[in-house]
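The first chain written gets the first letter, and so on, giving A, B, C, D, E, F, G, H, I and J; residue counts start at 1 in each chain.
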Amino acid sequence: MTPIMTKPEAAALVVAARIRKNLSWAQIAEELDAPKAWCVAALLGQHPLTAEQAERACALLELDDAVRESLQLQPARGVDPELLSDPTIYRFQEALAVYGPAIKELIHEEFGDGIMSAINFKLDVSRRADPDGDRVVVTFDGKFLDYRW
Amino acid sequence: MTPIMTKPEAAALVVAARIRKNLSWAQIAEELDAPKAWCVAALLGQHPLTAEQAERACALLELDDAVRESLQLQPARGVDPELLSDPTIYRFQEALAVYGPAIKELIHEEFGDGIMSAINFKLDVSRRADPDGDRVVVTFDGKFLDYRW
Amino acid sequence: MTPIMTKPEAAALVVAARIRKNLSWAQIAEELDAPKAWCVAALLGQHPLTAEQAERACALLELDDAVRESLQLQPARGVDPELLSDPTIYRFQEALAVYGPAIKELIHEEFGDGIMSAINFKLDVSRRADPDGDRVVVTFDGKFLDYRW
Amino acid sequence: MTPIMTKPEAAALVVAARIRKNLSWAQIAEELDAPKAWCVAALLGQHPLTAEQAERACALLELDDAVRESLQLQPARGVDPELLSDPTIYRFQEALAVYGPAIKELIHEEFGDGIMSAINFKLDVSRRADPDGDRVVVTFDGKFLDYRW
Amino acid sequence: MTPIMTKPEAAALVVAARIRKNLSWAQIAEELDAPKAWCVAALLGQHPLTAEQAERACALLELDDAVRESLQLQPARGVDPELLSDPTIYRFQEALAVYGPAIKELIHEEFGDGIMSAINFKLDVSRRADPDGDRVVVTFDGKFLDYRW
Amino acid sequence: MTPIMTKPEAAALVVAARIRKNLSWAQIAEELDAPKAWCVAALLGQHPLTAEQAERACALLELDDAVRESLQLQPARGVDPELLSDPTIYRFQEALAVYGPAIKELIHEEFGDGIMSAINFKLDVSRRADPDGDRVVVTFDGKFLDYRW
Amino acid sequence: MTPIMTKPEAAALVVAARIRKNLSWAQIAEELDAPKAWCVAALLGQHPLTAEQAERACALLELDDAVRESLQLQPARGVDPELLSDPTIYRFQEALAVYGPAIKELIHEEFGDGIMSAINFKLDVSRRADPDGDRVVVTFDGKFLDYRW
Amino acid sequence: MTPIMTKPEAAALVVAARIRKNLSWAQIAEELDAPKAWCVAALLGQHPLTAEQAERACALLELDDAVRESLQLQPARGVDPELLSDPTIYRFQEALAVYGPAIKELIHEEFGDGIMSAINFKLDVSRRADPDGDRVVVTFDGKFLDYRW
Amino acid sequence: MTPIMTKPEAAALVVAARIRKNLSWAQIAEELDAPKAWCVAALLGQHPLTAEQAERACALLELDDAVRESLQLQPARGVDPELLSDPTIYRFQEALAVYGPAIKELIHEEFGDGIMSAINFKLDVSRRADPDGDRVVVTFDGKFLDYRW
Amino acid sequence: MTPIMTKPEAAALVVAARIRKNLSWAQIAEELDAPKAWCVAALLGQHPLTAEQAERACALLELDDAVRESLQLQPARGVDPELLSDPTIYRFQEALAVYGPAIKELIHEEFGDGIMSAINFKLDVSRRADPDGDRVVVTFDGKFLDYRW
């Protein structure tokens, strides 16, 4: 009996295969017939794939059974804390530090006492053309959950 | 000579006045003729108001000159770290922990090496009706900045 | 205009009044016609009271309008981190450190990939008689939320 | 002489065997004739198994003597701190942050000055059907210990 | 209604009174008819006094009703973290860092899997004469609690 | 030339040998003709053994020369911080948090300004029979050192 | 005898006076006949002013003797850690995280083993016009100190 | 499929090759036809090289394809936190602690509310001869970005 | 009854008096007939003064009884952690980071297994003239204590 | 191409060779014709050796070329933070916590505003005989650097 390959190990192999085979995340998402951002997160280890999704991902990327098994594993979610200071990710941390209390005020004014779910949730990253320089538009879209005893 | 009222002191008075006078953030934003999320953030102390904006905000909220002066101050931006574990704000932290590396991958695939600006940036919080429960939709919209030596 | 009394200030006055008037939390909960654990949490500052609840609580405890106003405020939730090492609270932290991964396994086995909501959630603290010494029974009861894109 | 296999190494092999042999935790608990939550915690490394329990667990899971030896080891208990931010586990942390002081008040009101033991303690995770969505019910059940000099 | 004096405020007044009235902790303990170490801890805010004990302590120390009321309060236990680096206290931290795992081994060898209770617990600080320099002898004496599901 | 086996590696082999050969710490201490608690600490890597002690320990435990060499090494003392949250060790941390300032008061009252040495120091762990449940008695016994310029 | 006004208190008064009297830092520096960046740092509390400089600064800003006395005090240097996450300051932290090891390589290649002094040091902040947007140019200029035993 | 060599592994090989082949960073930069500080940062893992740059760097340093592939990878930027206390790097941290708030004041006075970009940014390290000892001059040069909604 | 003035409050008054009365630490030490470094530390709150020393210090500095009482208090020793990053103090931290393991090797080689006492300890700060620039010479002089069970 | 052996790896081999060949640090220092404390620090990885010094050290200790190469490497200086709690090193940390502000006062009184250099710096560890027990005398000797713009 050997341990199951860890999610980070599987993700490193997915990343290597994607680069070497010159596949875009969009192509992988198309193969999996699933939203692009979900696919990236899942293949980086944050969501379990179904057996069929793991099968198709590994076929496309020519990865072996150990990866396929790992991708179906229930993940322990979260991020290596050092990654949070990478500038591309940090700007979102900074936006939360600057606007977090404003977001809280606006959610409570609009919906009452409660939260945006991060579980019944989807995310989109897109480009918006702009003459002053194109813009990154990231949408957080989660079900409102009110505090209910 | 007395010190200028601090931004948190001014924000506490703004919050008290808004509640006691039963004004919505939308009404305040209308008075300031500025985007709602920007107004909330600014009145909570994250952006300086112009002299005219400070004047109008204090007139509407019946706040005195000390508040008016403070609202125009250049802020030192950021959040009390304890606020980040408030559940309404924490869900955004969690979404970044789960999806941060995926966002990074997608920005680099679409735009190349660079970041979403958190300075040339705007934010929107809105409600999207949904039969399974309405949704909180928060949009981060920042100019793409490429690493350029 | 004066700032609204903070939730911790209001809670300290509630606690003082409860002790000096020799009222149990059960009596206060009965007056508010709400679950006991919810009442304690709310009066300690973790949930907003309705105007009527705040009215009745302050009447019972003979507290003034400043407290009444504060109790209705939308809270920023969370705990003073130093309190987490109080032995009575710490034992729950320890139980999570020892059993957290087991709880995670059991939730995933029973429900699939998702979480127990801490928002659509209720809590109960009760005594169970036992010849070897009575037992503290604390029940966490939250809606299951599955990861759903 | 070789070191004894560590508890985390043994747990990784238990997890791999359970998944590959398609056994539920309930089936394993039945084989060990012990409560399900205890079994999961013990096999993840938080409690020592008796020689007989280790024998039976390894026979069922087809694991070798190195695992069997490790499972009997006295554990150093605790959790990898990064796991505490996994959303499924974090919700319990959040519930403690929001309700910890209320739990403390209620224990002291009911029992006097003391704590719920986390040693003379048992835990249960169950499902409660609910038309608004089934619920995760986690019960912490520990002997009350009063401060006694 | 005013808040109850906090335990640290009461402790500061106890300490001031003890020094100015030139009373030893032994004299105070005798008045309270309780173990000396318990008395010191209680008067510093770590245990609640009974109404009678608080009465007698305040009479002896000539402290007022606000202190008397505070001393009976249920404490939130723990220490200001900065105090832990005071050299007199730090040596105990260091002894735990050096000998903690050895203590754990010896408890498990002698008693099996379990802990020394810090609740059903008493402590003694005494002097032992020694020709090479007298010795501080601190005894931790707690009931053994075995892990019992 | 190869590096000397580290103290933790040697300790892991000592622990494995002790369990497999079914030796008690008392038996090992007898062989080394040294106090039991000292022996456990030393073999876990907190004190250097003399050449003769290392020789005898390795003979008894059937460990090789690499272990023997390592056991004589001057240690860098301290504990893996994660171990401090193991419940058996944590109770001592908690006792220090609750009683540390009281211990400080009592040492200063009895001895004046100074500390208990953690270097000229010995420790004992013993069992005291008690009809209400046997007790763990841990004695810290260190020379008093007064602040002396 | 009263304590000397703290440096942060004096700085808050300097800042208030500068804004209300509508003086630029350049005007203040001219009055003090000292480099602008040095003046800002000194008036914010990081360098002691001479008696004459403190005199002239307080005359210009119409501040009283308590400020004048404080400005001459030897400072304990450093920054409120929360300020380091202000975006304007954080970008310099980020640049050090990204380029720190490269700066180290280049200093060692050019000068050998040693450091840039932060004591025999000056700093300049200036604007450089650029058709693609003007640039902030910050120069750190410190004496090279080689490791010398 | 094997994972791509990590950036730190590639950097260690670049550093080894540079030393053994006795090449200066200036020589490497010349080969890459790029600014010296950029080259050092990129080869230490903070910027991706183009395929051609990676080709030329590996040819000059006689490094193999695994390094060449790694150097083109999109980096996760940042620094091992332990490196920040290396004295050569720490002096820059200290300069920010002492002068950060002054830099912030001067940027806002000169440019208004905004920041120096760390993305549209370049850095230079040079020597300035000085009779009192040559000086290290480090220039941070970034585009000004104003807060713009 | 009022609390005793805290040591930091007393120290702030000592510092103010010393500056306003233009007294050197040497003059104060002479008045107290005690080593200069000891006097500074004691008056800053790290050692208790005798009644007579407190009397003479307060007479010289024209400070009142509240200060005199505070100076005799048994201190809780330690430093505000923010002070440790003041450059004048930090250089000693850095020297320990660079040379700490070397100091440990040299103590063990010269004395065997043990430590330099920080209790039976004295410290001296002096100037040594040097044509290349005078030198700060700080001597740590503590009794060797060997590990002795 | 292989990476250069890291400094900690080289130090572990130096330590092993020194012990097995029974050489004192004094003997090694004599061979290198350099101050003893410098040699220990350098061989533990805190200073680069010259080619000749590395040659002679490796000849004496019979270490191979990989060590010799590593010893000449420019170090990244600093200490594993866990080592700072080793009691022999910790006492110096404690002395800084207790006496750091006093050292700062005395340096400023004697020299004015500035620091002791930790770069133009030397250190000595010696024994001073004393009838009450020999003493460890550690001297920090660094050039005074005044703040000079």
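To be clear about the criterion, a contact is a pair of C-beta atoms (placed from the backbone, for glycine too) under 8 Å apart; a residue touches a chain by one contact, two chains touch by 3 or more.
Keep in mind the model is a prediction, meaning the values are calculated, not measured.
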Find the pair in E-J, A-G or G-I that has over half of its contact pairs, by residue number, in common with A-H. G-I
Determine which of the two chain pairs, B-C or A-G, is joined by the larger number of C-beta pairs in contact. B-C
Averaged-CA centre spacing for the pair chain I and chain F, given as whole angstrom: 33
Separation of mean Cα positions, chain G and chain E [Å, integer]: 47
Distance from the CA centroid of chain B to that of chain F, rounded to the nearest Å? 54
Could you put a whole-Å number on the gap between the CA centroids of chain C and chain H? 50
Hey, what residues on chain D touch two or more of the other chains? 76-78, 83, 85-88, 94, 97-98, 104, 108, 114-115, 117-121, 145
Return all touching chain pairs. A-B, A-C, A-D, A-G, A-H, B-C, B-D, B-G, B-H, C-D, C-E, C-F, D-E, D-F, E-F, E-I, E-J, F-I, F-J, G-H, G-I, G-J, H-I, H-J, I-J
Residue numbers on chain E that touch chain J, as the complex places them: 85, 87, 90, 94, 97-98
Of all residues in chain G, those that touch chain H in their complex: 24-26, 36-37, 40-41, 44, 46, 77-79, 83-84, 86-89, 91-111, 114-118, 120-121, 123, 125-128, 130, 132-145
Under the definition above, what is the set of chain E residues touching chain C in their complex? 1-4, 73, 76-78, 81, 118-119
Which of the residues in chain A end up touching chain H in this complex? 9, 12-13, 15-17, 19-20, 61-64, 82-83, 85-88
Any idea which chain J residues touch chain G in the complex? 35, 38, 47-48, 74, 76, 104, 108, 113-115, 117, 119-122, 145-149
